[in-house]
Amino acid sequence: MSHWLEALRNRFLLDPHAGTVGVALVGVGGWGMTNAAALMRTRRFDIRGLYDTDGAVAQTCAARYRTDRCTELDALLTRADVAAVVLTVPNPAHADLVRSAALARKHVFIEKPFTSTSAQARELIDLAAKERLTIMVDHTFLFTGAVKKIKQVIDSGELGKLLFYDSVRVNLGLFQHDINVIWDLAPHDLSIMAHLIDKKPVALTAHGTVHFQGGYEDIAYVSVEFEGNAFIAHFHVNWLSPVKIRQTLISGDKKMLVWDDLDADEKVKIYDRGVDVMSTNGGKAGIHDLLVSYRTGDVHIPKLEVTEALKAEAQYFVDCLEKNEEPFNNGQAGLQVVRLLEAADRSLKQGGRKIEL
Amino acid sequence: MSHWLEALRNRFLLDPHAGTVGVALVGVGGWGMTNAAALMRTRRFDIRGLYDTDGAVAQTCAARYRTDRCTELDALLTRADVAAVVLTVPNPAHADLVRSAALARKHVFIEKPFTSTSAQARELIDLAAKERLTIMVDHTFLFTGAVKKIKQVIDSGELGKLLFYDSVRVNLGLFQHDINVIWDLAPHDLSIMAHLIDKKPVALTAHGTVHFQGGYEDIAYVSVEFEGNAFIAHFHVNWLSPVKIRQTLISGDKKMLVWDDLDADEKVKIYDRGVDVMSTNGGKAGIHDLLVSYRTGDVHIPKLEVTEALKAEAQYFVDCLEKNEEPFNNGQAGLQVVRLLEAADRSLKQGGRKIEL
Amino acid sequence: MSHWLEALRNRFLLDPHAGTVGVALVGVGGWGMTNAAALMRTRRFDIRGLYDTDGAVAQTCAARYRTDRCTELDALLTRADVAAVVLTVPNPAHADLVRSAALARKHVFIEKPFTSTSAQARELIDLAAKERLTIMVDHTFLFTGAVKKIKQVIDSGELGKLLFYDSVRVNLGLFQHDINVIWDLAPHDLSIMAHLIDKKPVALTAHGTVHFQGGYEDIAYVSVEFEGNAFIAHFHVNWLSPVKIRQTLISGDKKMLVWDDLDADEKVKIYDRGVDVMSTNGGKAGIHDLLVSYRTGDVHIPKLEVTEALKAEAQYFVDCLEKNEEPFNNGQAGLQVVRLLEAADRSLKQGGRKIEL
Amino acid sequence: MSHWLEALRNRFLLDPHAGTVGVALVGVGGWGMTNAAALMRTRRFDIRGLYDTDGAVAQTCAARYRTDRCTELDALLTRADVAAVVLTVPNPAHADLVRSAALARKHVFIEKPFTSTSAQARELIDLAAKERLTIMVDHTFLFTGAVKKIKQVIDSGELGKLLFYDSVRVNLGLFQHDINVIWDLAPHDLSIMAHLIDKKPVALTAHGTVHFQGGYEDIAYVSVEFEGNAFIAHFHVNWLSPVKIRQTLISGDKKMLVWDDLDADEKVKIYDRGVDVMSTNGGKAGIHDLLVSYRTGDVHIPKLEVTEALKAEAQYFVDCLEKNEEPFNNGQAGLQVVRLLEAADRSLKQGGRKIEL
């Protein structure tokens, strides 16, 4: 093994024999357990210890994975045999914990949304850069077969010039107690859009309603404007819909795409449909007419890779660590989402005023 | 026949023998022909003459209904045997033609949207009131089995306190040459919402995009706020969607309703689903928690009246004339829609600024 | 114009000036009117006269098409300016009327099923051959965009070796008063199958039930065996289903196809799915195991030609007459369907016994 | 505790302290593990030992449930602390194993289909009766919310007089190596039908095709006739369909029901639709006409009990043992299914001949 590679491996404590990364888990309730299970299924992580504010929860997880249950968080974060920390804790605790981990020179895998404010996100990104650490934000959907295929289709230019992105993510419940429906549901769609659409958002407006006293917005609409103004994105998130809808429309001037995440077999459909518009001088002086023609061709339903998204993401985490590559779902990607969420909150508070980004 | 009834019938020239109303048609191209056919199917109208700027079109219609083709519009509007005028002309011509008809003391059946500006609508409403004339705006959807059933369900209180109204009306094309997608598609949904929802809209925001040079907004989102702030309405209209969607969600705190107008047999579904939320003192001092519980019960798909909406509306027109009753789709109803459209245009022009109504 | 072409045209009285074929209509009630309208839309037929046992019906149609209403059927069939007869009459009257028309040397367009018995069909086919006349049986579905595309797909070999044909055509009503559900609904599917599948049926079994006293079978299942035994076709026809289903599955060993005729936009789907089976010697002596592997690839939804099937069929009729070509939906095609229907009746009467064809 | 109850409990070794039944597992591969997990989730069973011909498989299961792995089957079956045996083994082994268990005076829970022949089933039923033992055949579907609701609806008379039962269970794969598609898939539907429909089947016909050399029928249709002849049942089972369909239609003369097991939320729909037929003297002497009228009313989608079917069945097993009650899915129910499967095989072998039951 080359000296360089050895040094690299040592840097994040990839066990030279087992080829695994030593991790510490912070937060091992419901979703924390799910994360732990996915890590283990890759066979590339070694859980060196864990911590949870709920002792019983910590005990259960420690027993299952035969690992140490730490009662001192700092002790866990600073263990020498821990290269990365997996944080599955409530959003308000994100910033402090990532900072602590980074200061202890640990890589971080953290739940979305990355932080509560963009200022925090920026600080942590800088800190990680300085310490040459990797932050990966858990934007799980980016690892599904559907999103991977859609990215491939868009990047290939098959859709042509993109016209709009429209996402609907609605169902009945589950109400969250500490955040509104935008912070709960929209991070999925905002991170997917940011991943797919290579355009710069410049302004955002959010409309929503609080129906229950003491609660947060339980239904909301978010519109995002982009540089150049010829593209629009829109998100409908809702805890009060009788039916579950998970549908995204992405139209280009060549082809159009529908992603219905609830369709078991035919999630992504690509429509060879479009509009051809020519502006032309009409019969009357000074009047411009539009010549519009419609194309309707075949529909194509590509086979999607069958992946377990969370396991693939965990695998990607270890791959990035090993190759010392920046993940696409890094702190910067997390920041992009937080900026939009933050702007959405500001817009809601100002009664739907447009917020420049 | 009582003196009063006779007087009434004379007022609008209901033929005492045939029981029909004498009408003049102005505009008999595509949709004008459809209107004419619906009028005739009621067997309550007698077409006394017609006018169209396109002579050949006028000739075709005149031949089919064996009626006079007038070349002078004024002559037609002032004919003594004409009680009502059916206007199927481009929107910019609405105000002048309604005014002329009203000044000639004719009742009016007019395409939606009623006028181009709310000022025009107000003027015409006043004029009609002064002359004791009926204006009916063609909000055809209000006469469908689906909307009639939904109104009945909402009015009965079955849904409980209403929470939101969400409408999606998207498909590929048809681009209009003189109006944007909001003026083209949203009048359907705005008139339906105004008919169903007994709440006062107080502000509106619209977002949209023009994709083709020389064109109008071809995709738009409209959010409407209501007095009291505990209800929100939202409309997605779009000429660039690969798939056709005509779906409206209306949730109440007792039940929830989905109207899918493209479903041949099961257009309206009523879900016995809901959320019960109680605000309560949590364990920690000063912290309020939400106790949320979800109800999921049966789904009910009511049988809808099978009606031909346009014929039913024509029948309602003659009934209102005969009984001297104000139609619910009168000038005032038309004005409500125009006010929202006008505000939407203003919001679009100001980059998505909220417009107070 | 060449002598030959002139002679040909004279043979079937294609009007040399107008380029139209003179036809007589026999039976002009509901469906007869539909046929008449389709003929006229091609602008290639000239209705020279018509006959119906119901005088009022005949009068209505004669008025609409400004043609003669004949009270003597024979006089109509023998008119010199009539080249073809369109028969839209109850099935029991088919054989006699086709015979009369053929003896008068007229081409025939006749409703399905062709005749009541295969003996009749054979006699008429022979008669037409002798007189060099064309018989076209109205198997309208063969002219739809869906069936045309499916035929193209199968003929191209894209599906590979065909494995089965499964058709479901069920809904509530309409009960027929003179025939059972097989004679009512299955001719559609039997004619489509015969058109698509180039295999020889050798036996048939039918199961059905009469639920209402004095009625006919209102639900039935028909299984058809084919030469070589490696292909099976099955038909479910039903007047008592709460839901309408029009679905055909056609699987090949390379690809598989689903035709859902009720899907507005995506009627035909081609699945790149299949099973690869190898018979192999297993571990134990003398035991053969199957190695089975499954392929699942993309789905393709081809754009279908948008045609008005009945008009296209009428156009094809005049084309065949003009070019003196045998239509694929000729008497022979009609006979194929009648043979299967006849066998189905025999099987039903014998309690589901298999009938060799 | 009464003497009687104590005796009863002792009879099947319900542990008086823990309230559990001691069971032995025979066969603990894939589905055997699933059964074991379901038993354990009821907390009413205590696994006293297990056996599998595959030692590694046996070891894995024994480790998970911390129980004995027996290498001698007879020793396991005759253990004094075992009251019931759970058999999850290939069908050909069923009869011998049930016999051994019964001779050892153990209750039996056995996979479907119960046996390979009806003669075996009858022998085992007699043996169990003599020994006062319970046989429960694993007809899991009978414990789903859907089937429980459908049974309730039918038993209430809501559908009226039943007219037909039509079941489609098709998908791509999985080919079985030792049985045909009828033995693989139809036991589900035959057991459900027998559970729901209180009518006596009197004859059966099966049609099917073997597409792959050395294989078994991979697509088949089964028609079942019933006493009185006014009801028909039909089953389509298929391993070669590109799409997965799990749909059952059950029509009555009052209402009709559709069960779509793949619909996540709306599995069972009850249609207030029907046909009213009156036989009447028509206008012509001796001719009877049918007056047919159609009813179309609301559709009702009942909420289904959310159950884990297999756990509910395991719970029912222990309940039946405890209360000494005969389960509805007993040996007799298993025999009913085997008789139909056996007849289907005979019909297939005789080329689709009708088999009297």
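Labels for the chains are A, B, C and D, by order of writing; each one numbers its residues from 1.
Quick note on the criterion: contacts are C-beta pairs under 8 Å (C-beta built on N, C-alpha and C of every residue); 3 or more make two chains touch, one makes a residue touch a chain.
Small disclaimer: the values here were computed from a predicted structure and weren't measured.
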A-B, A-C or B-D checked against C-D; over half of contact pairs coincide for A-B
If subunit A and subunit B share one sequence, what is the angle of the rotation that overlays their CA atoms, in steps of 5 degrees? 180
When centres are defined as mean Cα positions, the distance from subunit A to subunit B in whole Å is 41
Taking the mean of the C-alpha atoms as each chain's centre, how many Å separate subunit A from subunit D? 45
Distance-wise, how many Å sit between the C-alpha centres of subunit A and subunit C, to the nearest whole number? 55
Which subunit D residues sit where two or more other chains touch them? 243, 269, 296
The answer for subunit A against subunit C in the complex is residues 266, 269, 272, 296-303
Partner subunit D, residues of subunit C touching it in the complex: 163-164, 166, 168, 170, 172-175, 177, 203, 205, 207-215, 219, 221, 223, 225, 229-232, 234, 236, 238-243, 249, 251, 253, 256-258, 269, 271, 273, 275, 277, 279, 288-290, 292, 294, 296, 351-354
